[in-house]
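In structure tokens below, several structures.
Each of the two complexes below includes chain A, the first together with chain B, the second together with chain C.
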Partner chain A sequence: MRTFGCWLLIIGLLIGCTAPTTVPAPPDIAKGTDALTIDLRATNPELIMCQQTDLVATLRNLGTTNIERGLYTFIIEDQVLKPVTGTNRKKLFDLEGRSQYNPQGGIEQTTLKVKNTALPPQIETYQTPIILQACYQYETLASAPICIDPDVLGKNPAKPCTVAPVSVGGQGAPVAVTRIEPTMAPAGNDIRPTFTIYLQNLGSGRVVSAPDVESACTTTTTTLNPTVEIAAFLQNRPLRCTQREVRLEQGKEARIACESEQTYGPAQGTFSSILEVEITYGYINTASQSLTINRLPGQERCPP
Partner chain B sequence: MTLMKKSALSLILLSFLLACQAPTSGQSPQPQEFRSGTQGLDLQYVANLPPPRLFDRDQVNIMLQVENRGTAPLGGGADRIYLSGFDPTIITGIGTDGLPIPPLEPRSAFVSQGGRDTISWRGQIRSLTDKRIDKYTPLLLATACYTYETTATAQVCLDPNPYQATSQQKVCTASGVGLGSQGAPIAITNVDVQPQPQRTRFIITITNSGGGTVYKYGTQYLNKCSPYSAGLAFDEVDFVQLSDITILGRSIKQSCKGLDRDGHLRLTSGTGQLFCEVDLNEQSAFLSPLTITLRYGYRQSIPKPLEIRAVP
Partner chain C sequence: MGLGKIIGIAAILFAVILALAIWLFPWWVWVILIVLAVVFVAACFLFPPLGAAVVGLFGTAAELGTAAATTAARAGMMSRIFGGGAAPAAGGAPRPPRAFPWKIIVILLIITALVLGLWQGFAAWGRGLLVPLVIFAGAIIAGLILVKSPNVAGSIIAVIVILALEFGMLFFTSRLPFAALLTIFIVIMTILISFSIKPHHTGTGPRPGSTVGMLVLIANLAFFLLILGTDVHKGLVSPTSPVGKTIDSLRTTLLDAPTKFIAGIQAIISGTKAGIERQILIGTGDYETGVEAASTKQLGVFLDNVALTDTDVGPDGVIDMYGRLRVESFKTQIDGEPLLITLSCYEQTRNITGEIRPSAEYEVEEYENFDIDCLFKANDLGKGSHTLALDAQFDFTTSAYIKSYFMDQETVRALRRQQQEPLAAFDITDTSPTAVYTGGPMRIGMNTGQQPISIIPDRKDLAPTLALTLERNWLDGELVALKTIRITVPPGLGIKSISGRDISGNTCTATSTQERTCTLSGDFLRGIFSEQDLKRPFTTLRIATEILDHTRLLGGAPLAIRSFKTEIDYTFRIKKTQTVTVTA
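Right, the complex of A and B next:
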């Protein structure tokens, strides 16, 4: 009994004296440069002539914007592969983005059953590509900490923040605001904050204008405009930008200047705030795999 | 044996009585030397007010402890503390007028700790979740603007005949006096004494030792100290006002050089020098207290980083 009591005491002390745990912070959601990721596989990548296989695509939305009425298309070589009756090559899809309620993002799996119909004569082995192309509208909501400082003469040396360029990391979308350069432009006795916003496509896909996104997956047009629509806000008020649409070339940074319609005077003091940037665009992601079709000795053609 | 035990016990008791004797009369407690230190107002954020991390749509409570660690009265009147650095559209309910500093008694010879009080603000945090913003990290800045006073007394040697050839020993030799600090952010660090026949000149060195910003004394300058004002101009900052300088029972302020027409002395790189002189009618050297009083406005700030996170 005494031994049991001693053990109870020791255990009680150990439990009571455990190191205090701090409440973990909620995870940051608005990060990363991915939107839709596609994992494309064939259940049987080495196919015997005239056989069929399943093409399985796993779509995952790793960005922070919900995909609504996105469209994906399986692209196969029609001369050698044909979808089995009843399976659809094109389909609309919706996928929820990451959020604090759903930190993993939405996930969907789709399958297309295809059958080899023929091989070119005297070809023993043939490699054919299978491609899944997804087109969808997306949005980047970027927020960056900036400093509003009406004291351009530096009369007050003790300031809570300093006006300086801000590098912004990924915001949970492929088109990202890479950096912001603020300027406190004099406007009489006040200042008018002006921001040069740099953006770039950091994802693995292609940017198209939002109105062109459906035709990108349904037509064979090659003239797609890589433009995005941009709007900026400061303290819930829209900024006046030099242009509303920006052309975003692959691998290149685009630049836009926006200024606040409201001016700030000494009465507002120096303070840190958040610059919000909304970018709307269409995006195309593509995944491809290679399928090998082998002809068995003696095989001539496939039955109808 | 019993007798021996009793004797030992008596000896022990006697030792205790001798050791615990009350102090003899004449040893009354001495007033402490209180005019030291370079702090006026001390500002501290009360622990966890605010906590390092808050969540949107919550209330935010900010509390500052203020203490007068100097030797001049502080607070009341136009002395105020302001809170700045945050976006008022995200943290609402905190005004730009600041809050008055309550009257705080100074330290003195018999009061070793100055007056202490608290000042608090309450605000409301707006939603960040609606804008898909993960966090907002402002740096809160509490800025105190107040007027203060420095009083220093130096025992200086006045020698009306410094170059006289005499075998008579002098009471003192005119030389500089180092003063250190006087329980205020502006310190009179040194008084250099330059004796001349029938006249003695003083070179008084004044230093801003408090770590804050000193500016001209006056209500109009106090209002400009606010972080929500146009700010103090270059000709208003780094000035102290000579309130008075006395020796031999009379003021010698009129003799002082280096002052502007309002009696302000400019500090350059935190230091300034004042040149004053006194005419002497005495015949021999003697010691006399030189008392200098300065008035000025003072600004000091204390930051507090804050993290506000969005919650679903």
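Right, the complex of A and C next:
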């Protein structure tokens, strides 16, 4: 019994003396190319004629920007489905983005209660699409390490970094800076860092200019100009870009050239710095589902 | 193995099967036949010359004629299979060819015919004694010819074999679908093959092959003239026997064939014409398609299982054509009137009407069945063959809808400028909606043009045109009248004109869902569709719409999902025919 107690003590000491577990690092939230994701479904996807069902949409903000005053709209076939009194097919919403304090991002569930009002005569089964469109303003914050090298002649063989294009992954937003090509442009004896910044919509939605975003979901007529506003900073100083707005076509890469207002001389040496890019835009996500409406034998019309 | 041998073997097999099928007796008969067959095979083994003779028969039946030397050699070789009595001398030259043992075959044929004849005669006395007697006599004559003249014998055997094969096939195909076509095909092929057969010929006698085709042709002509033109076969064969039924079936099939053939040709011509016209209209954009809505029931009014109680009726008899009236419909009230079905039956060529029982008119609920009889007095029709028709005329409604998508033109253009398909931007996969119509005698095709439909807010005249094709869905019926057409357009749209005609005389109302429904009256439709138009397989209407309220049409959203709906009320007639023979 005593021997068993000794063994137990030794094992306990061994367990107690193991190295403490490392503190988990905070998750890298600035990843991925999603912003808002929509899960749309009907609680009863096989609706019986004249009955009602809930269209439930789960909105989840998987990007890093908070959505403020976003707007969603349910698009349904009014001739067969009618929103039940008290539920609105258009609504404003706010949704927190992913952060170190909320790594999952904000979630909101919204419901539109609809009722079938009629079916074409004699048709037993009718399928109608239900669509949810969400429009919101979003922002991409991208940062990339770049090398500032005034030694264009390569006199210093032991530089801490070299000037080379930088690839940037997803930044927790659908519009992403895909790569940056730095150029050290001579400016007298100094150099002026110039950057070609490449952008692309890598998300599943559509880009619209920030001022148009609300009308994209509310009005019938919209120009849907797919432009983004861009601003770049080097050492917290804004860069001078060729244009403020960039047109971002679906599936295509756009580019913009920005240069530093400040020049750098050989005395400052070669060093690494961070280039920060801010892109502001409107974004539209759409989700759709099909709802089946079945007529029971003998059903002709729905009561008013 | 030559063609003659193949035919010979197949013919014997068919003849056996035919014999078994014709004399369809209780099971013990089959047992006796099987036992006899086993005994016969055993006898062949135990008595080699008999086996050799049988194999020789199989191998040379059609070539018997004068090829005796070759055949005998083969028979001698084959006889070894059965025990070797006829084996050639070892190591030496082959034995000289032995004469074919035709005498044994003749004896066997005579014995078989005698047994079958007597057996059939005793067993079925009064049910067709002449058949076995004819077979018996035929076998004796064939045997005698075979004994006396080998050349002619070859021809006779070939003719018997070919006819046995032909009538065996006719026997089995007489009850199949397309029996008339099969019969004609079999007869023509048999005659052609029989003319091509050239049995071996030696000596100076007439070449037997030249007579085979002629004999088969004469036999066929005689047979079909006999059964089609006279009732002689009824005295030879009992009508209730399998042979009697087969002959009756062949007779009915062939008598109906001309009518059906003409109807078929007419259907092919009208189908081809309709197809060409359809293709032209598709090319010019005047034909719209649709798909039939999924339904648990086949919608319409049907005449099922139409038949005659008897296809041959005596002059004092009553002809009873019966069937079942089946109604499968959702809607039985058209404009407040009950769904009425009117039946009529008549003799087609002379338009003699029959009496329908229990009633010629039915008011039906949604799903109902009625058993009906149509009675004719045979005397009224007169002797000969008559085609009787049973008509059902009824009112029916067919509905259809087509989904459409509306967008503001600026939005459409903006998306296209971004190289994006407007509907894909809204996750819509069904970018070319097809009209869906309910089942029934008519089908409806609809089209509203390229999707999405672009709308310009300040241009009310730039509204979509709905193209509507009405097409006969059931080819064996006819459209009698178009009663009304109801066209429903989405909220915010109105109907301006139909095929260029102003619709002011028709009623247009708003529905509870703000749609607009215009009901085109019968008078208005008669102005559009002439009598000839109703007979055409399809016709297309073009319905011009106008925008009444742009905001209501788009519903305050970038995309509006809308439907156009159509209902047509019409009178349709279906017909079923049967052929009856009034005997003398």
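By our rule, the second predicted complex is superposed on the first by the 285 of 304 C-alpha atoms of A that agree within 3 Å, B and C clash if a C-alpha of one lies under 4 Å from a C-alpha of the other, contacts with A are read in each partner's own complex, and residues count from 1 in each chain.
Going forward, contacts are C-beta pairs under 8 Å (C-beta built on N, C-alpha and C of every residue); 3 or more make two chains touch, one makes a residue touch a chain.
The shown structure was predicted, so the numbers you read here are calculated from the model rather than taken from an experiment.
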**Message:** For A:Leu92 in the superposed arrangement: first (chain B), second (chain C), both or neither?
**Reply:** neither
**Contacts of A:Ile76 with chain B and chain C, given as first, second, both or neither** = second
**Message:** Taking the superposition on A as described, I'd like to know which of chain B and chain C A:Ile107 touches: first, second, both or neither.
**Reply:** neither
**Request:** Return first, second, both or neither, reflecting whether A:Asp151 touches chain B, chain C, both chains, or no partner chain.
**Result:** first
**Request:** For A:Val84, select first, second, both or neither according to whether it touches chain B, chain C, the two together, or no partner.
**Result:** neither
**Asked** So, A:Ala164: does it touch chain B (first), chain C (second), both, or neither?
**Response** neither
**Message:** For A:Gln235 in the superposed arrangement: first (chain B), second (chain C), both or neither?
**Reply:** first
**Request:** Considering only touches as defined above, state whether A:Gln133 meets chain B (first), chain C (second), both or neither.
**Result:** second
**Fill in**
Overlap of the chain B and chain C interfaces on chain A comprises residues none
**Prompt:** Can you list the residues on chain B that touch chain A in the complex?
**Reply:** 53, 84-90, 96, 129, 131-141, 143, 213, 227-234, 237, 299, 301, 303, 307, 309-312
**Complete:** Contacts from chain C onto chain A in the complex sit at residues 293-296, 299, 330-331, 366, 397-401, 403, 408, 410-411, 414-415, 418-420, 425-428, 430, 436, 438, 457, 490-491, 511-515, 550-551, 554-563, 565, 567
**Prompt:** Residues of chain A touching chain B in their complex?
**Reply:** 25-26, 28-30, 64, 99-101, 141, 143, 145, 151, 153, 155-161, 189, 235-236, 266-274, 276
**Prompt:** Mind pulling up the chain A residues that touch chain C in the complex?
**Reply:** 73, 75-80, 82, 117-118, 120-125, 128-129, 131, 133, 206, 216-226, 249-251, 286-288, 298, 300, 304
